[in-house]
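Below are structures written as structure tokens.
Okay, so chain A shows up in both of these, paired with chain B first and chain C after.
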Partner chain A sequence: MSHTHDRRISVEALARLEGEGAMHVQVTDGTVERVELSIYEPPRYFEALLRGRTYLEPPDITARICGICPVAYQLSAINAIESLCVTPGSGRDRGLQVPDGIRQLRRLLYCGEWIESHVLHVFMLHAPDFLGYQGSIEMAADHRELVETALRMRKAGNQLLEVIGGRAIHPINVRVGGFHRAPTRGELDALVDELTWSRDAAIETVRVVAGFTFPDYDQDPTYVALRPEAGSGPVGATDYPLEGGRVVSTTGLDIPVEDWPEHFHEEHLPHSTALHGRMRGGGTYLVGPTARFNLNADRLPDELLELATEVGCSPPVTNPFRSIVVRAIETVYALDEALRLIAAYERPEVPAVPVVAVAGVGHGATEAPRGILYHRYELDADGLITDGVIVPPTSQNQPAIEEDLLGFVQSHLHLDDERLQWQCEQAIRNYDPCISCSTHFLDLTVDRR
Partner chain B sequence: MSLIVFGVGHPDRGDDAAGPLVADLLANDPHVSVRHVTGDPSMMLTDPLWLPDAEVVLVDAVVTGTEPGAVHAWSMLELLVRAAPSSGGTHDLGITTTLRLAEALDRLPRSLTVVGIEGARFTTGSEPSHAVLTAVERVATTLAMRARSSTASAGLTRLRVHPQ
Partner chain C sequence: MHDGIGRPTVAVWKFASCDGCQLSLLSAEDELLRIAEEVHIAYFLEATREVVEGPYDLSLVEGSITTPDDAERIRHVRDISTTLITIGACATAGGIQALRNFGDLDAFRSLVYARPEVVASLADSTAIAEHVPVDLELRGCPIETDQLVEVISAVLAGRKPVTPTHSVCVECKLRGNVCVAVADGTPCLGPVTQAGCGARCPAFARGCYGCFGPTESPNPASLSAWLEEQFGVDHPELLRLYRTFNADAPAFRSESRRHEEVAP
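Entry: the complex of A and B
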């Protein structure tokens, strides 16, 4: 069959991803020799922009990196900066402590972002692949209830972001030390009905997406995720990773975030303006919902774990196409967690604690919807930033996505060009890549010689 | 049923504030209901005001290459013909994708007009240009008149003007 040896497949633009770029697949004599995600979006130099700014500015500046996960940027920045801050008179030399109410609000804000981002990807970007539609608009004509459900669930997430963050995109209420204003109990209670409706809809969504047909493909990458100390969250919280934790992997790594640079690094490759994340020693790794689930499923509430088991989604999940099921499970978690936190919420006496910074290097990481987002800042004695490093999840996943695609194409060369192209795009969407974050996406060329 | 005006845009990005400013000017008009849309436009479809029997006007800043402050008015059909198809590859769904989605869901209001105010500068933190502020007042005045009129689309047609 000639198409298994010498063929060329080109896609002008891959849809339902954030950003622009190209993918090149070279097949010679029936062997996939090379897969490159060619990211040509210009770099945006946020790290350079931060130099000379004060320690109070990273949450607002870095939130601008991404329109769908600004909370991740804000809270990773805050974790790093607050590790170098104290409240005057506290007797501590570094490491800011904030009241439980502020910690509750931060986790609750993050739940809003997970809900909004996961629902967008599960329903609008990824589900059309499984149901055989070009996009959500075509899907809407035949699956109206599905799309209406998605819109309503996204609104529930957006409302959380608006009430706590001040607005849904690029929240403005977050600051080092807490918030500019803490919402009242009444403002949060007003969200409960829609969050409850959305939680029930999310449970049904898990059952729906688990019934999709998944391509037969398994992988065995190194998964990396955060894992918080049990019971370390604010009152009302459970222990699935969101706004902090230790860095753990399926290969036995278990380190504090401060040790990140000793174990991970980024490199520049000619075909991409996004840096590629690797483990020291050269290995690729994956972050994101599947990594979180595989490393933290025991931290899910029992009833959610039972739901996962009921639909056949038990850890370890090794078929990347099943990531849509994991995202749906995490959506239920985020909605449940939001309801728990609202029930336990005690409005802090002050929305933020006083802070001063000390010179040094601070590290922070949180679980963005797409995976670990790491920040490092170096501050001088005046509290000015002398160096900043931001490692977004898509940069970390890029080499592993290329490896995954290489394996997938190799094992699916029997497919005709149209089907192979469709499933390659679907495979990339398994990772919900955000090229805005990593610096945008995609022409696909398969060159079969 | 009052006229529903969605002011689309960011209030702190120069001429992008055109939509929210029109909504602000109409906020106290008893014949008009207004909303600001600063985030994902698809969330308009979940707004209680987005109803099948509503008369909806979306006001947004646009860049078509005409002079700053020029005012354009498009029907739903005209907009979809003119607008480039969305790749769908973005974090929000955009105005045209939102309207196509509304069409697919059979959720279009009975009357929908998009009013575009030509902008020139969109720098974060900048003020709207004089030309756009003048257009904002003209659009708000016309929409207020339209809200009191029983003649369908007469006022909106007059919006298609360019600055002298």
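Entry: the complex of A and C
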């Protein structure tokens, strides 16, 4: 590897991510010594500015952590807070119960966000890497139909968000206890044609992206995902994880969300304003579509699992570059699930149940498009927040992404600097990192000595 | 500055923010490919690796200034941009992260980070216009895609964009919404908030929470007094009402400060 002596690659900014960061690779005498994914997105101190706010405010405030997955923030916050709320006169100590119609709407809203976010990532952020384009706008010059299909699918997801959430980015209709207004059956039925068209387009997308060329690379990390109890969802729902469940891992972990702090923690390292997630005992782990798929494939409808097998994407998926295929499969799932939920929708009698807060500590987690998003709030007797902890998916993935890159660079040092740099960027995009979330773009430097 | 085939060049910049406003450009599903034909998207990291060196005809700036490096970077962006438009509440008023302007940054930093000394932050989160001259501000948390398309079209045509400066109340009347404050006693910032969203919240039976910031010549003290008298909204609640996504916009800032003074 003598040709790698004294070579230095640097890129000012890694594109097609949400947020700002940098990557530094140190190669000495043909050995990759260190990889740092450094996130310099300016910190915004959400956990601190939530102190003293009321228990009703986190859904709106934490939505602003991320413009791509605001629903994830809203629903994780709601899970945590509703675990500390009751309906007056219900006879319960804590733990709010909401009717099925509201639960259907929450899952349906989340399907809208998965569709919008996954289609954005599959077509506009990640596919250009596989097809050799700088970005989706350049890609559109040669693959106009592909980009137009993507835009139409995204629009179907965004319309679902608009109708239920009142706005696609930072929905306004979500509240502790339910919604401000529940859509009518007719308003949801009006979405069915475009969702059905998009479902067919998504099935075709699975076949298209499964035909891409994937760099040779396999790994064996610990995957962590949510897993709901079978049959615990609202009427019309199937059991793939979205808006809740237990926390499970490929190493045998199976815990309720409230046990999260006993098993996971975050470290602050100098090179990053995103905290690094670790499992207690030191191990790194991965959350996201591949983790969900590998741990919950049995929860997918048979015909979708058959499609996955047909395109050579049976679980477990071990090549992180194939995450684009998993994202496409999950897009089909979200569209199908949305159609099932609309068919079963029963408009709730009231859009929200009455709530009062109970002092204590509440935990909540949901599956954001990029993986588990965990919230914890401590409330006082007046329902004011005295402490808040938010653990976004990208902070959890950051140490494992670094490990993954180290292995990837080591086995691809034969590539020239330009090619290696692009594939490193592509490898980072495998995880669809949302850096705005975790700070908390990337600037890549490969230092070869 | 125009590209090789005579199209104006556009750059999209990010400072402290959630990405939602620049995502609004990618969410212009019906217009995006047309826009990309009419302008050369020369710098837009969220969408493409391609970086065409400036200067640029139009810069869209998302996010607020919160670090010493960003305070330098925005001056560079201004230097290489003919027209600079801020997009969204962060760039226009400091955003939700400007809540720290009312608190103590060191305390905030220690709360979130185990090693606060390695995190570089300015004491305040500030609007772009506090650092460099801004040609136009687009309000919203997030901005509305149709307003963004209108502004880009207007800049291309060399005309003034049509963006309303009246209040959300006018939009409610135009939409035929029942007034949530009068009918339901729901606290609503509609009378003091700039239009632009089409009165989304009242259409969903919810009070406006001020995503577009203060309208021209607002009278928030009068609104607060009315909410207090009619519905018993207390000072801590009024303080919180003004102190969200446009907390540091002058009219909202001074009104929330007033309730700080009288709160028990």
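As a convention for this text, the second predicted complex is superposed on the first by the 442 of 449 C-alpha atoms of A that agree within 3 Å, B and C clash if a C-alpha of one lies under 4 Å from a C-alpha of the other, contacts with A are read in each partner's own complex, and residues count from 1 in each chain.
Here is the rule we use: a contact is a pair of C-beta atoms (placed from the backbone, for glycine too) under 8 Å apart; a residue touches a chain by one contact, two chains touch by 3 or more.
None of these values were measured; they are calculated from a predicted model.
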Legend entry - Superposition on chain A - do chain B and chain C clash or fit: clash
Legend entry - chain B or chain C, by number of chain A residues touched: C
Inset, instruction - Report for A:53: first if it touches chain B alone, second if chain C alone, otherwise both or neither. - result: second
Inset, instruction - Quick one: classify A:215 as touching chain B (first), chain C (second), both or neither. - result: neither
Legend entry - chain B versus chain C as contact partner of A:30, first or second or both or neither: neither
Inset, instruction - For A:360, select first, second, both or neither according to whether it touches chain B, chain C, the two together, or no partner. - result: neither
Inset, instruction - Using the superposition on chain A described above, determine whether A:70 touches chain B (first), chain C (second), both, or neither. - result: second
Legend entry - Touching partner for A:140 - first (chain B), second (chain C), both, neither: both
Inset, instruction - Quick one: classify A:316 as touching chain B (first), chain C (second), both or neither. - result: neither
Legend entry - Touched partner set for A:166, first chain B, second chain C, both or neither: second
Legend entry - First (chain B), second (chain C), both or neither touched by A:151: both
Inset, instruction - Superposing the two structures on chain A, identify the stretch of chain C from 96-104, 114-122, 168-176 or 204-212 that clashes with chain B. - result: 204-212
Inset, instruction - Go through chain A and flag every residue that touches chain B in one model and chain C in the other. - result: 13-20, 66-68, 120, 124, 135-138, 140, 144, 147-148, 151-152, 154-155, 158, 167-169, 434, 436, 441
Legend entry - In the complex with chain A, residue positions of chain B that touch it: 38-40, 42-43, 45-46, 87-93, 97, 100-101, 104-106
Inset, instruction - Mind listing the chain A positions that touch chain C in their complex? - result: 12-20, 41-49, 51, 53-54, 57, 60-61, 64-68, 70, 120, 124, 128, 134-138, 140, 144, 147-148, 151-152, 154-155, 158, 166-170, 172-173, 179-181, 267-268, 270, 273, 275, 351, 425, 434, 436, 441
Legend entry - Footprint of chain B on chain A - complex, ascending: 13-20, 66-68, 120, 124-125, 135-138, 140-141, 144, 147-148, 151-152, 154-155, 158, 167-169, 434, 436, 441
Legend entry - Interfacial residue positions of chain C with respect to chain A in the complex: 14-24, 26-27, 29-30, 32-33, 36, 41, 44-51, 66-67, 70, 95-97, 99-100, 103, 107-109, 111-115, 118-119, 121, 125, 141-142, 197, 200-201, 203-206, 209, 211, 240, 244-245
